[in-house]
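Labels for the chains are A, B, C, D, E and F, by order of writing; each one numbers its residues from 1.
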Amino acid sequence: MKIKVINPNTTLSMTRSIEHAARRFVGLDTQVWAVSPQLGPASIESFYDEYLSIPGVLEEIRRGDEEQCDAYVIACFGDPGLQAARELTAHPVVGIAEAACFVASTLAKRFSVVTVLHRSRAFIEETVVGYVPREKVVSVRTTGWPVLAFERDPEAGLAAIAEESRHAVNRDHAEAILLGCAGFVDFADELAEELQVPVLDGVAAATKYAELLVTMGQRTSKVGTYASPERKQFTGLLAPFGTA
Amino acid sequence: MKIKVINPNTTLSMTRSIEHAARRFVGLDTQVWAVSPQLGPASIESFYDEYLSIPGVLEEIRRGDEEQCDAYVIACFGDPGLQAARELTAHPVVGIAEAACFVASTLAKRFSVVTVLHRSRAFIEETVVGYVPREKVVSVRTTGWPVLAFERDPEAGLAAIAEESRHAVNRDHAEAILLGCAGFVDFADELAEELQVPVLDGVAAATKYAELLVTMGQRTSKVGTYASPERKQFTGLLAPFGTA
Amino acid sequence: MKIKVINPNTTLSMTRSIEHAARRFVGLDTQVWAVSPQLGPASIESFYDEYLSIPGVLEEIRRGDEEQCDAYVIACFGDPGLQAARELTAHPVVGIAEAACFVASTLAKRFSVVTVLHRSRAFIEETVVGYVPREKVVSVRTTGWPVLAFERDPEAGLAAIAEESRHAVNRDHAEAILLGCAGFVDFADELAEELQVPVLDGVAAATKYAELLVTMGQRTSKVGTYASPERKQFTGLLAPFGTA
Amino acid sequence: MKIKVINPNTTLSMTRSIEHAARRFVGLDTQVWAVSPQLGPASIESFYDEYLSIPGVLEEIRRGDEEQCDAYVIACFGDPGLQAARELTAHPVVGIAEAACFVASTLAKRFSVVTVLHRSRAFIEETVVGYVPREKVVSVRTTGWPVLAFERDPEAGLAAIAEESRHAVNRDHAEAILLGCAGFVDFADELAEELQVPVLDGVAAATKYAELLVTMGQRTSKVGTYASPERKQFTGLLAPFGTA
Amino acid sequence: MKIKVINPNTTLSMTRSIEHAARRFVGLDTQVWAVSPQLGPASIESFYDEYLSIPGVLEEIRRGDEEQCDAYVIACFGDPGLQAARELTAHPVVGIAEAACFVASTLAKRFSVVTVLHRSRAFIEETVVGYVPREKVVSVRTTGWPVLAFERDPEAGLAAIAEESRHAVNRDHAEAILLGCAGFVDFADELAEELQVPVLDGVAAATKYAELLVTMGQRTSKVGTYASPERKQFTGLLAPFGTA
Amino acid sequence: MKIKVINPNTTLSMTRSIEHAARRFVGLDTQVWAVSPQLGPASIESFYDEYLSIPGVLEEIRRGDEEQCDAYVIACFGDPGLQAARELTAHPVVGIAEAACFVASTLAKRFSVVTVLHRSRAFIEETVVGYVPREKVVSVRTTGWPVLAFERDPEAGLAAIAEESRHAVNRDHAEAILLGCAGFVDFADELAEELQVPVLDGVAAATKYAELLVTMGQRTSKVGTYASPERKQFTGLLAPFGTA
């Protein structure tokens, strides 16, 4: 089985960490690799970045179907382009926020997300309440750090995440923590050890989730919302995305 | 005052109809014109089309700021890229679904949306309940027609919309109808006459709404969610979107 | 076009400030004036005051239709009698809480309301979540000051509002502030300047909103909820309200 | 114990039926009587009627406190003025929609309301979801009959209610029926017999509920929302409602 | 009339206090007594305890029907087995959390629950929002004390409850307090006196509520959810629960 | 890895089908077997059956921990005892309704559940909206057949399920079907083939889900809600469940 993990940003050092995390728990027969698109932003911290990462994600999905991939993971906590990807291919596509929410839901009654810049709070909240009932998510806490700062100073980054996570457990009564950025994959074990609650890295969760769907022979429903996109022309720089 | 109306698809005949509708009610001092992006899909009927229309929308916003525009309207009922546009500029940006929801809310207790393909039902529902409380929207009804078919056979198109609108009023107890596609702008008056309920064309509503915001001197909040995008590099075809 | 702004309380100094705010942004052809009813409470601070202000509001609506008014604004943040007013006339009626919610929704992802007495918190919360999805409204904060105290000591009043508004931005992550009382109209600009977020005075917003609806030729739906009241007799002091 | 039942409309034949229903189950020591206000509408079928019935309701509350009443019932299914009444007196005040919702909730998992004119559907729905979680109420069904028509032709009225009630049970899966008008008090037993599900007349329920609260020595909370109205002047016809 | 109050745990001293509270307000003709099941946990503090208390509750219901009981109260704030009890008998069954929620709703706009161990917070929240709209319940506060500790040191227990109740009123803006454990029945009066807000003991409320339902001749709906359990065999220790 | 699948009812033929379904997709190193408790009902069709199946489920969990099981599946669509099981063991416990909801959520925008008796409609609805946002679940449809009838006449049973599933797709716009009973495990493939939408058997899904959690080294959070039950005595038939 071939699972392609798409890091929607173009920072390759982050793609490598993501690949490492994605491979961690899969079976021997499961081939997993991570890619960055050939177009798009260096990191994703705003709706602007988010939407502009989607063409690259979709190009990787289309190329993936040519490469006979069996499933896809979108490895950014906003799950950019997830619904369009499900239209484009019938192979399962899993977002890391989505998988983290579902896995956390089976381990804890209530959970919090700890993430990057303050500006992302409302967006992340909106994302997760699209997957699980509102009352499951007791808080979204932000460190105020930009995405790539965690690469530059992982130690201080971990400390910042740990502090917000402790507040989530002690003040908001969270019973598990979701790491709200694909750049946090290396922190999960250490944090779980310290906090003594489940700490979910969505990359590992989503990759296993994708493997599960393939093993079960599941494919995306093509009746209704996720039917293949209508055939039509695209113009300009995006002409290659046309299907007419 | 200058208001730029962005038709996120590249079908210029539709852009002309939109411009006509957008100009209908504005003041003498308000300069309104409609454009299509130079890149993107011929029509928007899926998440795939929706997301791939956003780069073009954002390019028009950025160019608009250079052109000293005072406000923007995004003229597709899914309001593609609305939140990213609000990050990119401090001038007001209004979506046509959003404006239609707000205007309908002041005229009727309950309303329905009548739109194009069946596949859009869930997406349109999701869009409108982001603007108004769920109970306001009694149904989203679809004609099953693709967007551009309404251009090709407007008479039959109007009949199809009228039929679903009557069901909305009689079966779902709608008290107003929202036209769920920017391609329906020419149908509003005739339909309102026939149904004897308010029928909202979002293009006219959103353009007036944008004019109202400019007159009041309002600008988008730059504290939190809609702060300017972080400065960073973009790669490949999207390099021009970079801000580093 | 004639827009009548109804201050539901009988404090004429407040009616004058409201008129001033209402006129601020309207077009040259738009005639705007504010009135107080001839019956009702000196200020509105409880459900008791609220309900007892409604007969006066409705009398002004009925008289307004005789005066050939084109639209109405109800200028108290609880929007007293709004739905009955929509039954009584087919001309648009806009509430200031309603208009403030809709305008704020296009400028900010999340907002707070700052208002008067602590007792109004739950009522104001209930009012605004009738217009927009619950998650838009991050808090309702109260100064503890009665309505008319702001007239008596505007400087200290502004300071009290500013303090709660700062808490709303810093602690509740509000990205815009709604002034939750028609008595606050004079504070909007100064507060916006200080807080650097949009500060919405509902009076100006609702008057412009009413103007927009008239310009678009919109009228209230008379199918269903807002049909004209059934004809019938009224008894006692309220006999003049009868329609039989 | 003295319980005053206030029929908010001025149709005395209806007040007599209400009194009969209200007395049906109370204890020997409980004195129950029903009144109509001296001002207000002959029946309540719109927001207009509803709001204009409230001054009369409040006058009866105030007079009731002078008469040493121990509790009040507001006997119209929209519960007009309920929250203002709770401010005005510390003695318990119960609405018939409210009591019917609470009693039905202990007898059935899901219920429907059957009521009068079609225009009331949304209003009644809004009223009941203020008392119980939305999912309890599977439908609000309307007969299209005005309130007083049920007095004029009770047999045909009962048939109309029975038909909608059967639809509620068979199509909407209701497990109990709430009679959505105080004019239906005489129909409960016959309908329950026919439908073989609980059929709730809110008048009897609310009167017993009021008796229960008095027996338990409960009084309305005066901290926050339901504190006594602030003292102030009222003007014009409503001057007697002033408290300054 | 005979009302059987079932304390789902087996601690008889608590059963005696519950009986005392349950009898407090009922009529002379109402016979009330409290029992503990012959099987089950000494106290209820987890889902484990909760579910394992249900067989004993159901046995007492079945025996109660043989004893010609007219109604039942389940006297633990999680209302264990309430829905199964409603299937088993047609006589009314009332839970103490349910009755407390309904009574509090008529006395206060917003309320809080104060309860035992921290682990119960989410469970109690889930229980009460099954009865009333989410916005009624401003907080669930926990003392951290186990159930039986309140029996051992009632004075310190009352102090712990009083402290959390004060926080509920002052910080969360609660206007009434629900005592979230049947072991708190003795504290209601003293606490109400101190806090000057309604303090609801669910045991007294539910018993009166059950009396009300019997007086009104109400019985549980047997159409749909609460129909009698299907007849079938049970195995092992639970064979006596079989109905085949 | 050892995964124990608990069929909460005592019908062994059904346990065998469940075991077959549970084994279908797991890895070679995963040992899966299904058991029925030694106490409890022959099938689960009411709250009565549901609650009385829980002691048997919990006994199997406790015994499972002695048998060094790594995870558990509760194989009845109401997920009986799931939260108590999570208290009792730190090893992952997955319910089949829960797993079906999460898997369906990644494959389809909207889904329906098709299940057994009409009485279960509200209960099943309540169960699934505890896992996913309400708008995901467009309907719960019932065949009216009891659980064991599907074993006696599987062909007619499949036809009944297929009919309701078609209605779910065509009338309710479902894009996937969840089989709402563990007795339906044999129907999934045939139904998916016929309907051309994903058809989810929760048993296979939950078993794979449990395997995923074990592979990832996840354990239930013991902070808060799912902490181990407090130690205490149990009385009578349930004395063996005591922990004191």
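Heads up, the rule we're going with is that contacts are C-beta pairs under 8 Å (C-beta built on N, C-alpha and C of every residue); 3 or more make two chains touch, one makes a residue touch a chain.
Bear in mind that the values here come from a model prediction, so they are computed numbers and not experimental data.
Visitor: Please identify which chain has its centre, taken as the mean of its CA atoms, farthest from the centre of subunit C.
Guide: It is F whose centre lies farthest from that of subunit C.
Visitor: What is the distance, in whole Å, between the centres of subunit E and subunit F, each centre taken as the mean of its C-alpha atoms?
Guide: Comparing mean C-alpha positions, subunit F is 29 Å from subunit E.
Visitor: Once you find the CA centre of subunit C and the CA centre of subunit F, what distance in Å lies between them?
Guide: 52
Visitor: Touching two or more other chains, which residues of subunit E qualify?
Guide: 83, 109-110, 118, 121-122, 129, 173, 224-225
Visitor: What pattern do the touching chains form: line, ring, star, complete or other?
Guide: Chain contacts: none of line, ring, star or complete; other.
Visitor: All pairs of touching chains, please: list them by chain label.
Guide: A-B, A-C, A-E, A-F, B-C, B-D, B-F, C-D, C-E, D-E, D-F, E-F
Visitor: Give the list of subunit C residues in touch with subunit E in this complex.
Guide: Listed in rising order, the residues of subunit C that touch subunit E are 118, 121-122, 125-126, 129.
Visitor: Inside the complex, what are the residues of subunit C that reach subunit B?
Guide: Spelled out, the residues of subunit C in touch with subunit B are 25, 27, 83, 92-94, 98, 102-103, 105-110, 129-134, 169, 173, 175-176, 196-198, 204-205, 208-209, 211-213, 215-226.
Visitor: Would you mind writing out the residues of subunit B in touch with subunit D in their complex?
Guide: 109-110, 135, 173
Visitor: Considering the complex alone, what residue numbers of subunit C touch subunit D?
Guide: Answer in residue numbers: 10, 37-43, 45-52, 54-56, 58, 81, 83-84, 86-88, 117-119, 121-123, 146, 224-225, 227, 229-230, 232-239, 241-242, 244.
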